[in-house]
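Input: structures, listed below.
In the two complexes that follow, chain A is the common piece, with chain B as its partner first and chain C second.
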Partner chain A sequence: MQFRNLGSWLILGATLTFLIGPFIIIIFAGASAGNSLAFPPEGLSLKWYLKVFTVESFRASFVLSMGLAIFGTLAALVLGVPAAYALNRYKLPGDEMIRTIVAAPIIVPGIIVGLALLRYLVVPLNFTVTVALFFAHTALILPYAVRVVSSSLNNLRSDMEEAAVLLGCSRVQAFFKVVLPNIRGGVLSAFILGFVTSFNQVPVSLFLSGPGVRTLPIDMLSYMEITYDPSVAALSALLAFMSVAIVFAAERLLGFSRYV
Partner chain B sequence: MSDAFVRLSDLTLSYGKSVAVPDLNLDIREGELIALLGPSGCGKTTTMRAIAGLLAPTSGRIVIDGRDVTRLSANKRGIGLVFQSYALFPHLNAFENVAFGLRLQKLPQAQIRARTEAAIATVGLTGFEARKPAEMSGGQQQRVALARSLVMEPKVLLLDEPLSNLDARLRLEMRIELQRVQKATGVTMVFVTHDQAEALAMADRIVLMRDGKIVQLGTPADLYDRPETAFAAGFMGFENILRLEDGDLVSEHGRAAVGYHAQAPMLGWRPDAVSVGTGPLQGRVVASSFAGGHREYVLDTPLGPVNANAPVSLAQVGVGEQVAFDLPLASARPLFA
Partner chain C sequence: MLALPAAVFACLLFLVPVMILLSEAFRMDGSWSLQGYVDFFAKPLNRTVFLRTLKLGVLVAGTAAIIGYAAAFCIVNLPARTRGGVFGLVVLPLMISPVARTYAWIVILGRTGIVNNAIVGLGLSDTPVRLLFTETAVFLGLLQLFLPLMIISLVSAMENIPRDAIPAARVLGASWVQVFFRIILPLTKEGLVVGGTLVFTGALTAYITPAILGGSKVLMLETLLYQRVNVANDFVSASVIAMILIVMSFSANLVLKRLASART
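== the complex of A and B ==
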């Protein structure tokens, strides 16, 4: 008994170390007083945290990433919610195939998705990088949107919509008046999951960058190639805090973990 | 038959290639309470969904109040349906659930409020307006579902197994409640059930169904006293049904020469109609239980098990003992296939 307890504590400790350890290291590496990225830091200061806000390219790429995350996720929901609804409620011919296609962007490695988009969208169709990025992020978030929304639709009985129809709704009205209000939590969860996924996305965005157009994670990579100072660690820590804050708020407000 | 308010003519209902209800004909009168009775899977829900417009018929016609509604979409038929699961809107409270249909019609606020309150009062839920469905008992949820349909003043109100999710006591209460509401509003009501006691107690007329076909249609007394087929008789408590061949009673277990002659190929007896203690037949008691006014016996006989009720005044016969009994021709119900 004693021993088993000890075993569980060891496993818990190891898990926490692996999960939270890197986070702690980044926080301290960014709070260094020295000039190069190192752990343990050479003294403590907040100067790198402050410097982050003065780097011009970080500001531009933050705005791009933020925009992609918000609008890409919105677009994915506009496509994903009706798709999830149709897959859930109607026996469609080839619905298994549709499910597989929708899930493909999570299964296929991001590098390949990025390369494919570059090769077949940006180059031949002359899409601007920003537009290609928008499509790429929408496609990446779509599977999450469909999945999360599907699972909340599963908990919703379909006779409710029929009841609404018999009270005078059209099918579309029934969707907006009785389905959507009851899957609101799932839709918001999908939004947050999509937002975080998009914001932290590297492999796909790697291929889709152009002069002055880079997402924040890519910008950080290229910054590091030139300047090996602790500001990247400081920025990473700030972004990690932002993600945690969003997820925490969602969990508090909506019981986020129920839907994932 | 000009008194048909709802008329189903040659109605065939299918799911893909499989036909659930072949060629149904049924007339329902205005203001009556009619029960669709039958075992699970016999097509009761399917028929109801077709009347409501949730299932398009493969062929045939549905006429309601003189108007052919076969091709009319469900949201324009003016029919209420209380679902077996109630299908309340979880995000709305009782008041808003009931007001839902009226709000769609964009009626004046004051009228919506008045009609909603009246409907809630009709089902006895005044005071529960602010409760969400999750905060109400099954019986209360069902009343909300009922009020939600009633408030629309439907031409026909359909109820799918309205009492099956309630406990025994509440079921009796809701039986009376449904009858009261029906009499008070005068609405034509069709309810589905697989419980013959429920149909007998509530309905003006009963439609007994089997495999998508109507087996017998009549008043509760018609069905209870005069079932025409072995199936109907079995449903109405004729627990002993035997074939009649050349004056012999026959079952898959054996035969007994009784010298009966009748027009029908089968005869049925309720347990009450079997007399215990005297008679030409012999059986061994395999179970006996006291049921208040009478004693219920299960006899093992050459014809297979026979269920018999005997008055308590009769001396009790112990399990394992032989006893004489009779299946009197006079109290037999003639039955056809």
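== the complex of A and C ==
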């Protein structure tokens, strides 16, 4: 028995080293005092972590990525919450069809979505790249929004809102006064999942970038093609901390993992 | 009514453009034809890239399944207190930008990376070995990226195995190999189908990993698509690749489902 325990810790240890180890390495590689990317780093310093904040293109692309992640997710929720509610509570004609359509963006590879939007929205219809990016990110988050909100609606019995309607609420009032407060956790979890997904998204944004319009991950990709210094490692480490902190806080406050 | 805005949005801004893109390879000079596909597969480079993508997808999914079963089995048997923590560490990488996750491999496999420092330091080679821009690098990157999805799927499948099934089989004289093939595998095959589809599809459609770790030396379908469009404005090839990616993703799911229902 003792031996089996040792064996399973070895397996878990190896797996976790493979999964987590690279981040530890990247944190240290970013903290190098030298000028080239190396591990072990040539002395420790925070200069690359500080330099990241002074790179103009990183600042601009960070703002764009933040904006896309926040407003794209909000738009996806505005579309997704009513859709999830309708699909969950009413027997709709063609609801399977609607489910499939709404879930489609998850199945189609992102690079194709980006290319399709560039070819048929941006070029012929004169959409700006930023608007196309916003649409693409909204479409991409929509399936997550619908799924997460649906699963929290599943746990909410429908007799509560029936009672509210019997007591004189309109359907809309019942939704805002009874349903929405009860699925708050699910909606917030959907927001966080959508935010993280959108912020880290690359393939969709690949073709949708113009002069001065680049999401942060795309900007990092093109930066590392030109420069081989530790600043991308430092930035990667900072972004990793940000994502982990957001998800960790969400788990503590909302029990995020129940919904996802 | 309530579901309509979402459906209309997804249709107009998503399905319609994608459909037009997919139809592009079937239209040559105004008439319908398969010439775009014939031309695509006539080029040796395209065939190589197609087969490489398929091979790496299968390899990554297969390796993830093997590691996934071992890891999931250990996780399920952990005491409840440590289990949540370990599971959290497995899920954690999924929250982190794939750019960051892939970039770490440059630090590990690069010319002045850990592995090369070790090789040169130990005197195994005088000059750094080229490890980046190889299929191995892409394989490792993809495996690290998608392994958590397999472990998660298998853990939730294994949690549904009745607690006594495995000890009972052991007491009745089954070897661990028999336990795996007669009990664990049949009872977790749905998790394997989900995990396998996620990992295989993920590996097929990953862009960042082959772009950073493979470059133009180890092209995969996604990086080839990007190159065809950006370098040559070749939208027919892009459309063909898009169709191949979608068909491969769907068939992977169908084949795995079929396999799962075949051996009961």
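As a working rule, the second predicted complex is superposed on the first by the 260 of 260 C-alpha atoms of A that agree within 3 Å, B and C clash if a C-alpha of one lies under 4 Å from a C-alpha of the other, contacts with A are read in each partner's own complex, and residues count from 1 in each chain.
Here is the rule we go by: contacts are C-beta pairs under 8 Å (C-beta built on N, C-alpha and C of every residue); 3 or more make two chains touch, one makes a residue touch a chain.
A quick note: this is a predicted structure, and the numbers were derived from the prediction, not measured.
> Sticking to the clash and touch definitions up top, decide whether chain B and chain C on chain A clash or fit.
fit
> In the combined three-chain superposition, what is the angle centred on chain A between chain B and chain C, taking C-alpha centres, to the nearest 10 degrees?
For this superposition the angle at chain A equals 100 degrees.
> After the superposition on A, what does A:V244 contact: first (chain B), second (chain C), both or neither?
In the superposition, A:V244 contacts chain C only.
> With both complexes overlaid on chain A, does A:C169 touch chain B (first), chain C (second), both or neither?
A:C169: touches chain B, not chain C.
> Between chain B (first) and chain C (second), which does A:D159 come into contact with in this model arrangement: first, second, both, or neither?
Only chain B is touched by A:D159; chain C is not.
> Could you look at A:I70 and tell me whether it touches chain B, chain C, both or neither (first, second, both, neither)?
In the superposition, A:I70 touches no partner, neither chain B nor chain C.
> Mind working out whether A:V131 is in touch with chain B, chain C, both or neither, as first, second, both or neither?
neither
> Taking the superposition as given, does A:P109 touch the first partner, chain B, the second, chain C, both, or neither?
So A:P109 only meets chain C here.
> Considering only touches as defined above, state whether A:V213 meets chain B (first), chain C (second), both or neither.
neither
> With both structures superposed, pick whichever of chain B and chain C touches the larger number of chain A residues.
C
> Please provide the least distance in Å between a C-alpha atom of chain B and a C-alpha atom of chain C in the combined superposition.
It comes out at 19 Å between the closest C-alpha atoms.
> Which chain A residues are contacted by chain C in one complex and by chain B in the other?
On chain A, the chain B and chain C contacts do not overlap at all.
> Help me check something: in the complex, which residues belonging to chain A touch chain B?
157, 159-160, 162-170, 173, 177-178, 181-182
> Looking at the complex, which residues from chain A come into contact with chain C?
Residues in contact with chain C: 8-9, 11-12, 15-16, 18-20, 22-23, 25-26, 29, 36-40, 79-80, 82-83, 85-87, 92, 95, 98, 101-102, 104-105, 107-113, 115-117, 119-121, 135-136, 138-139, 142, 146, 196, 199-200, 202-203, 206-207, 217, 220-221, 224, 232-233, 236-237, 239-240, 243-244, 246-247, 257.
> Which stretch or stretches of chain C touch chain A in the complex?
Listed in rising order, the residues are 1-3, 5-7, 9-11, 13-18, 20-21, 67, 70-71, 73-75, 77-78, 86, 89-93, 95-101, 103-108, 110, 112-114, 117, 143-144, 147-148, 151, 204-205, 207-208, 211-212, 222, 225-226, 229, 235, 238, 242, 245-246, 249-250.
> Which stretch or stretches of chain B touch chain A in the complex?
Listed in rising order, the residues are 52-54, 74-75, 77, 79-81, 83, 85, 87-91, 100-101, 104-105, 148-149, 152.
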